[in-house]
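You will see two complexes here that share chain A, one where it goes with chain B and one where it goes with chain C.
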Partner chain A sequence: MHFLSEFTQKAVAEVYGTMLGLSVEHVRTDESHGASSTGINGLVSNVGFAGRISGGLYMNHGDKLACDITERLIGMRPASADDAEVADVLGEIANMVTGTMKKHTSALGYNGWLSTPLIMRGEQISLEPKDATVHSYNVFRIPDLDAEIGVWVFAKLQ
Partner chain B sequence: MPKKVLSIDDSRMVHMVVSRALKPVGIDVITAVNGQEGYEKALSEKPDFILMDATMPVLSGIEALEKLKGDPATKDIPVMMLSADAGKDNIDKAIQLGAIKFITKPFTAESLIGEIGSYIGLAA
Partner chain C sequence: MLNQIIEPLPVSAEEGKPGSLELHGINGSVGFGGKMTGNLFFSTSPEIAEKMAHIIIGGLCEVGPKEICDVVGEIANMLAGGCKSRLCDAGITVVMTIPNIIRGQPLKVSAKNLTFLVRRSFKVPALGGEVDVILLGKIE
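On to the complex of A and B.
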């Protein structure tokens, strides 16, 4: 398993456990190029990174899960997944997951910078990186919310 | 008079989580969404403590820290950095500029109260 997959798993568990009090179960990892990166529905939050590792992390939450998490964090149920609060929460979670991964990659000498988060919402979204050398896709299950999260990391290492 | 904490972060979620943690222990929380607004609110509101993200639009946390510590009107306000981007470069720079501590997200309400409380004299 590539170290970016391992660090993704650690980071997702830490962020969901600490900020949301939710346990997260790792379901599977796929590191083949193009793995399950089409037909994505709901919200995709992205944080880019640059430096000795450049690329991006993409997290997919379905609409209901996005609203559940937002309610859990801010104490109010959003009217819909289009609410600004939902994008804000998902962006900050992606930011924390990427930042936590960076702590681990920095220890290996891969330091760098993070972008501010970007949130997209749609149906049948495809993620098709053309020049990333590392493709990492991890699926997680949140038993308490009966939902899954998909996390992609596409990267180039120098 | 209640202590006043200025939370500077581009995430409203962080403001809400910080407010939910600090208000029950009697701390007023005021907010700003980027480093420039944070600097201006520090001048106008005179907070007892500043909690600031590192990565923000308009003026980053590191740039805002430099302005705060370079201004006689704000240089004595304790500033704690709270950021997901805890690279060594960021931490070293923040401490060098005068931040009292750099804590990383994710964080718990208890850890936040503990960290801030020790600087503004909250009872343990």
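On to the complex of A and C.
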């Protein structure tokens, strides 16, 4: 397993545990190029990183999970997954997961700067990295919320 | 690169209002980190992207999804490189991520804590369509 997959797993578990008080179970990892990065529905949050490690992290949450997490964090259930609060929460989670992953890569000498979090919504979204040498797709399960999260990391190491 | 005449279109209503924007069906995205954080999008329809790929690749090989992805990513990368150079000239040093291609229809993007959004639309008469270049972010 590539160290970026391992760091992603650590980062997701750490952020969901400390920020949301939720335990996550790692379900599977796929490091093949193009791994399940098509036909994505719901909300996709993204934070890019640039420097000795360059690429991006993408997290996919379904509408119900996005609302559940937002409610858990701000104490009020949003009317829909399109609410601005949901985007704010998902952006913050992606930012923290990417920041935590970067902390681990920095220890190996792969430093980088983070871009601002973006939230994308659409149907049949596909992610196709150009020039990425590392493709990592990780699926996590949140037992307490009976839901899954997909996390992609595409990166080039210099 | 494409040897095409482009016509700038009137400034979009989204200009200067960071928050959310709608993109076309295929988008090249490059992130920025450093003194300015943000993203550049090169956004167009899949049909226009395919026509562009045909022009750039010519008859060298078949144009499929991978070639279209390469062309859209390369255009986004070149545009971001131009921005990076001009930002650097202005004392705003940035580093760029590798390009990523995002498809989706419709595709809506929102972001928090941005201080600017610049969207420029161009008509490409020879291709019968439009392309958009969007730069959004914040300067530290």
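Here, the second predicted complex is superposed on the first by the 158 of 158 C-alpha atoms of A that agree within 3 Å, B and C clash if a C-alpha of one lies under 4 Å from a C-alpha of the other, contacts with A are read in each partner's own complex, and residues count from 1 in each chain.
The rule is short, and it goes like this: contacts are C-beta pairs under 8 Å (C-beta built on N, C-alpha and C of every residue); 3 or more make two chains touch, one makes a residue touch a chain.
A quick note: this is a predicted structure, and the numbers were derived from the prediction, not measured.
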Could you tell me if A:98 is touching chain B, chain C, both of them or neither one (first, second, both, neither)?
first
Thinking of the overlay built on chain A, is A:73 touched by chain B (first), by chain C (second), by both, or by neither?
first
Thinking of the overlay built on chain A, is A:124 touched by chain B (first), by chain C (second), by both, or by neither?
second
In the superposed arrangement, does A:114 touch chain B (first), chain C (second), both or neither?
both
Going by the contact rule set out at the top, does A:106 touch chain B (first), chain C (second), both, or neither?
first
Contact breadth on chain A, by residue count: chain C or chain B
C
Between chain B and chain C, whom does A:18 touch in the aligned arrangement: first, second, both, or neither?
first
Where does A:150 make contact in the superposed view: on chain B (first), on chain C (second), on both, or on neither?
neither
Which partner does A:42 contact after superposing on A: first (chain B), second (chain C), both, neither?
neither
Identify the partner contact of A:88: answer first if only chain B is touched, second if only chain C is, both if each is, neither if none is.
both
Chain B and chain C footprints on chain A, overlapping residues
84, 88, 91, 112-114, 116
Residue ranges of chain A in contact with chain B within the complex
14-15, 18-19, 73-75, 84-85, 88-89, 91-92, 95-96, 98-100, 102-103, 106, 111-114, 116
Partner chain A, residues of chain C touching it in the complex:
28, 30-34, 37-39, 65, 69-70, 73-74, 77, 95-114, 137-138
Interface residues, chain A side, partner chain C - complex:
47-51, 54-56, 84, 87-88, 91, 112-132, 154-156
Residue ranges of chain B in contact with chain A within the complex:
10-14, 16-17, 20, 55-57, 83-89, 104-108
